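In what follows, chain A forms one complex with chain B and a second complex with chain C.
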Partner chain A sequence: MADTVVTLSARGAVRPRGRAPRGRRTLTAYLFLAPFLVLFLAFVVTPAVSGLWISLHTWNELLPLHPFVGLKNFIDLFSPDGLYADDFWESMRATGLFVVLSVPCLLVIPLGIALLLNRRVRAGGVFRGIFFAPYVLGVAVISVLWRFLLDPQLGAVNALLGADIPWTVQVPWAWVSLVGITVWWTLGLNTVILLAGLKGISADLYEAAALDGAGAWRSFRSVTLPGLRPVMTFVTTTTLLASANMFGQSFLITRGAPGTETRTAIMYIADQGLGQGNMGAAAAMSYILFIILAGVSVLNFRLQRDTTR
Partner chain B sequence: MTSTLDRPAPVADGPADAAARPPRHRRSFARALPDLVVYVALVIIAAAIVVPLLWMLLTSFRTDFDTVTRPAVPIPDPWTTDAYRTLLGGAAPILRWFANSLIAAASQTAIVLVTASMAAYALARLEFPGRRIVFGALIATLLVPGVVFLVPNYLIIDRLGWLDTLWAVIVPGSAGAFGVFFLRQFFVSLPGDIEEAARVDGAGDVRIFLRIVLPLARPALATLAVLTFLTNWNDFIWPVYVLLSPEVQTLQPGLSTLEGSYQTHYGIIMAGAVIASVPVLVLFTLAQRQIVESVANAGIKG
Partner chain C sequence: MKRPLRGIIAAVAIVGLGASIAACSSSDAPSTGSVDAGADYSGPDVTITFWNGWTGGAAPTIVPQLVKKFNDEHPTITVKEQAIEWADIASKMPLAIKSGKGPDVAVLHGDDIATYGAQGLLLDAGDVVKNLGYSADDFPGGLLDNAQYKGVQYGVPWSVTPLGLYVNNDVLESAGLSTTDLPTDAASYTAALDALKKAGVQGEWVDGFVFTGTFEFESLLWQFGGDLFNDDVSKATFNSKAGVQALTWMRDLVDKGYSPANVAQDGNFNALVGGKTAFNWNGVWQTTNEALQSVDHQAVAVPQIGTQQAVWSSSTHWVFPANKGQDPNKSAAAAAFVKWMNDNSLGWADTGELPAQNSIREDPALLTAHPELKVFLDELDYAHYETVAPGITTAVAEITTAVNEAVLGKKSPQDALDDAAKKADAILQQNAATYGG
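Then we have the complex of A and B:
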């Protein structure tokens, strides 16, 4: 529908009067695009390509020469005696664990809240605003806040529980903290998206289900869940990617502790590439992560599509 | 897009509507619960969200001794503004960080509004060879995770002599394709007749863009401005690595520096966190509906 409007108006504009010749219209279009395209070429296209180039070199920031080594940086990451292989895959495991632990919570809890908000509750908008609010705060703000609240000796959480749980320095507590804080911080995002999805499900479907004698649970399973499918696919994918890109919480709250167990892939790549200056290896790692994430996204789309059939 | 931004509040939000509600005949899982249970659940969740934030605010008005000796109670005894005095009195360049964050976020927002609206106009309303290629390239880059750009963009910034300057946190981030998509979606949905009438009157593309399309797109531009400002204000990983001197830091990395230098002086650290939160919370309160609905809409369209 929207696309028709464009073509119609564009044609209607160009044809009958023939005001602007085609060549001039093209020039106008490129002039409108130019400022953005300059930025886009300089800071998106160039780095995406030069990142690949860098990954084919032993590129250390501190050394003057960057010898070409072909795929060595990639191969090293898959060979047991590669210099960075162990640490890289440890960080990938940490990222994977965080994804597995956080994504279900970030789907189920917001879905529950969205179902509550989808009733005609008074002040629903106020609740929605409150639930979304932490998401607009920066990761540094929420991190210093929770490091304070979770401080083993001086923090409010242990004081209230009457416990001395090492929230940020020992596993499994460090994972509990990272997942819990992430849920607290970002649950509003998925809640509002799922709520919009719920509102898009026709009331007729619920009525039809009720007429067929479906109870609450039955209509949730055969009307609500299928109706949410497209939105759910979107939310699952974005949540997977967001969790796989987790950096700030580990960097600031657990600082990778204990040891390097909660150091995520992004944290390790950023540290190798920009902290230690191992740019070639870090660029290779970032492309491996990219390929894995692309694969996971495609797989997720396929799975969700197949279950619909 | 038009309809989304302008549409009346979803039914669930209207108190009047809730009061005049007909007897319920829809039954779904949540609907089977009594209202009271729903409210209790919502209030408990809201408390879980709000209490930590209140704790942060209240702690910023406490003395260190008070915070450390009564960790289970958030109410200050005595109330003090010492933390803010210490911070603002120059103990850390927090005012400088605040100004840097403001300059960076405002500049990036301005760049994005200008460049993205122009590009979106071309992609939505003009026909030109290569349009599909440009559009395809934009879509493709949206799928690439940010970490891929980290090392190469660092080298580009270094080459430009922008390391350790605010340019580093203003310019590269404004090149993302999101703003163009967001506005294109809106421009595509604008009706064509006003534009055609203007063309008949002899108006060119520049005039149509400035006088017709931009004014009509004001809600979308405002939403994009708020989203861009928030994202830039809260950015962390990039400024941590490209801003090194204390005077050029922005608030987010500055806050973690603050934590390093004040350790358990939690009043001061929480005061810093409050200072970093106030602008975005104010912005969120003012533009709540636009922010929430544009985000929710992304999911439906996605």
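Then we have the complex of A and C:
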């Protein structure tokens, strides 16, 4: 935005004063944007369009013929006797359940921790490091770790509790485990972002609120939450999408068990498309997932839009 | 699962992968070339590439040694070996072959060969088998046929890995049971489980995962006289009476208190190592498991629970990829390499796999080095290998779902198997359409 210098003329009218001929400046801007545009076209737009094309075919990448089937792949997903309909919607349900269970935890708990860390606690940096630490581990590492700890018969968790809870093999326990592990693993990121957001809220506002007689709860509601709105929108969106994208934990910890109840949409789509060569059907499923996620994201932005301005 | 914004393009990314893969695929129809070569290579100097999935255990040291020895003995052939995780081979190799960048020789599991063959990714190895002087009698019964699809020989057997019954001797002794007179049939096995139960030990922890609940189920299914699929692999038959008997027997282990409910994958093997259980049905590969070596253990043939002897085994085979523009000299050199490897596969037993070539397994030196393998060798007389049909792994995956649901008590064995069979049938039908039946 700094490329236009705005000056007030003597008559008070706003008049932009360019430093270079307009055409050349635009060209420069486009040149700077070009590399990203090329990447975007090559790795987002092209695949997205060809994905749509693939979804209209029975498409196994290794076979010579890819018969055109029109919207059959999509229709099959919505008809009860479609080959993949049951499994796909079961996996969508699993993903939805995981999102509903994990996203609130991944917003509320990090917010609470960020509020605590935002007070001038001794060794706050150390705590911040501790909360963030699991996030640097890979999904394979945390999965192996928790599979050991949560083993129903031999795991340390059941030994400590003196119970025999089937953490990784029966619902609802498998969901408790998957959500719990994910929250433990990724809450550090949201905490750090929210903490940065908290630091950005001016202390004057709290002071003014206090002078007006606001208590802790009132100033949290009227100063902290509105001040965090842009950050919160971002965190909510990324968390929603990350949770909807859950794959590794289910794949490695529960292996979809019991039966296929914890098999998530991404896990199922990847298996269909890459494992079984059903690119056409998998592409159609991806599009349905994409449309739903896009819808949820838009809704989220709408809901969190600042209506006071 | 963790990068911001990765989610929104997740769907697109998967689609994109499809597109990039599609870009690699060529439109020429699958054609089957063949390798015409023998044990001796007489062509010009060549360098051939060899892909395998042996990334764990003793293999990463043994394979390079074998390759080096081969290279030293064969001045005109240089083999370059590359170990890649099995899962990565599955995702990379087909595309690599299509684009002419695949290996000249590779090792595949028995249940992948038909899939590759149907896609025109492999050369006909029938002449290699003939020229190398192999016949069905050189391998365990049925194994050579197992590398055939639609009458074309696509592979040369390399190794087999049957299931066995692993026994924790200390646990048996603590329950007052003999460690020499081990159960061999349903009656003696149940008696042992009963005795263990009285001593407060759950004798066999049964799991509902691929490793090894599925393998145990398949063994039992064959023991009760059933089979996974019908003869032309167009219909699932694992929900037959035999299948229900097999799965009911497994679920009964839980219901009768011989096994805890809700065993996680590997939980049973870890329990065996940890001295919490006495028996575990597991593959021959566990003979090299390091944790197990600290335990007083032995392995015996799996007991005959059903009406006949049978045991699950997987197999691996040499294959000659039909790379775009494949150099016949390289494939010929690869054939010479395969013959040499099979003839020198005695040391392969160090990896916990059984060499497929009979002459090697019958060499007394094998049992001198590995006496624990005797029971597994004997089992090969009645071992069943993978089903040969393109795309079969997808249908077999439904079996695991059924075993999982029944063992975890989500469905009755009959319902679980019926549901899985219905899905498997649909998959087989789709495979027939995809691969041209």
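We adopt the following convention: the second predicted complex is superposed on the first by the 255 of 309 C-alpha atoms of A that agree within 3 Å, B and C clash if a C-alpha of one lies under 4 Å from a C-alpha of the other, contacts with A are read in each partner's own complex, and residues count from 1 in each chain.
Rule of thumb we're sticking to: a residue touches a chain if its C-beta (ideal position, glycine included) is under 8 Å from a C-beta of that chain, and two chains touch if they have at least 3 such contacts.
For clarity, every value in this text was computed on a predicted model and none was experimentally measured.
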Partner chain(s) touched by A:255 [first = chain B, second = chain C, both, neither]: second
Chain B versus chain C as contact partner of A:79, first or second or both or neither: neither
Partner chain in contact with A:43 - chain B first, chain C second, else both or neither: both
Partner chain(s) touched by A:270 [first = chain B, second = chain C, both, neither]: both
Chain B versus chain C as contact partner of A:202, first or second or both or neither: neither
Which of chain B and chain C A:290 touches, first, second, both or neither: both
First, second, both or neither for A:119, with chain B first and chain C second: first
Contacts of A:189 with chain B and chain C, given as first, second, both or neither: both
Contacts of A:147 with chain B and chain C, given as first, second, both or neither: both
Set of chain A residues, in rising order, touched by both chain B and chain C: 43-44, 46-48, 50-51, 54, 139, 147, 151, 154, 189, 234, 238, 241, 244-245, 247-248, 266, 269-270, 273-275, 279, 282-283, 286-287, 289-290, 293-294, 297
Residues of chain A defined as touching chain C within the complex: 43-44, 46-48, 50-52, 54-55, 58-64, 83, 87, 135, 139, 147, 150-154, 164, 166, 168-170, 182, 185-186, 189, 234, 238, 240-249, 255, 257-260, 266, 269-270, 273-279, 282-283, 286-287, 289-290, 293-294, 297
In the complex with chain A, residue positions of chain C that touch it: 1-22, 24-30, 91, 94-95, 98, 119, 121, 205, 208-209, 260-265, 267, 270-271, 274, 276, 391, 394, 401, 404-405, 408, 410-411, 423, 426-427, 430, 433-435
Residues of chain A defined as touching chain B within the complex: 2-3, 5-6, 8-10, 12-14, 17, 19-20, 25-26, 28-30, 32-33, 35-37, 39-40, 42-48, 50-51, 54, 113, 115-125, 127-134, 136-141, 143-149, 151, 154-156, 158-160, 184, 189, 192-197, 199-200, 203, 206-207, 209-210, 214-217, 219-220, 223-224, 231, 234-235, 238, 241, 244-245, 247-248, 251-252, 265-266, 269-270, 273-275, 279, 282-283, 286-287, 289-290, 293-294, 297
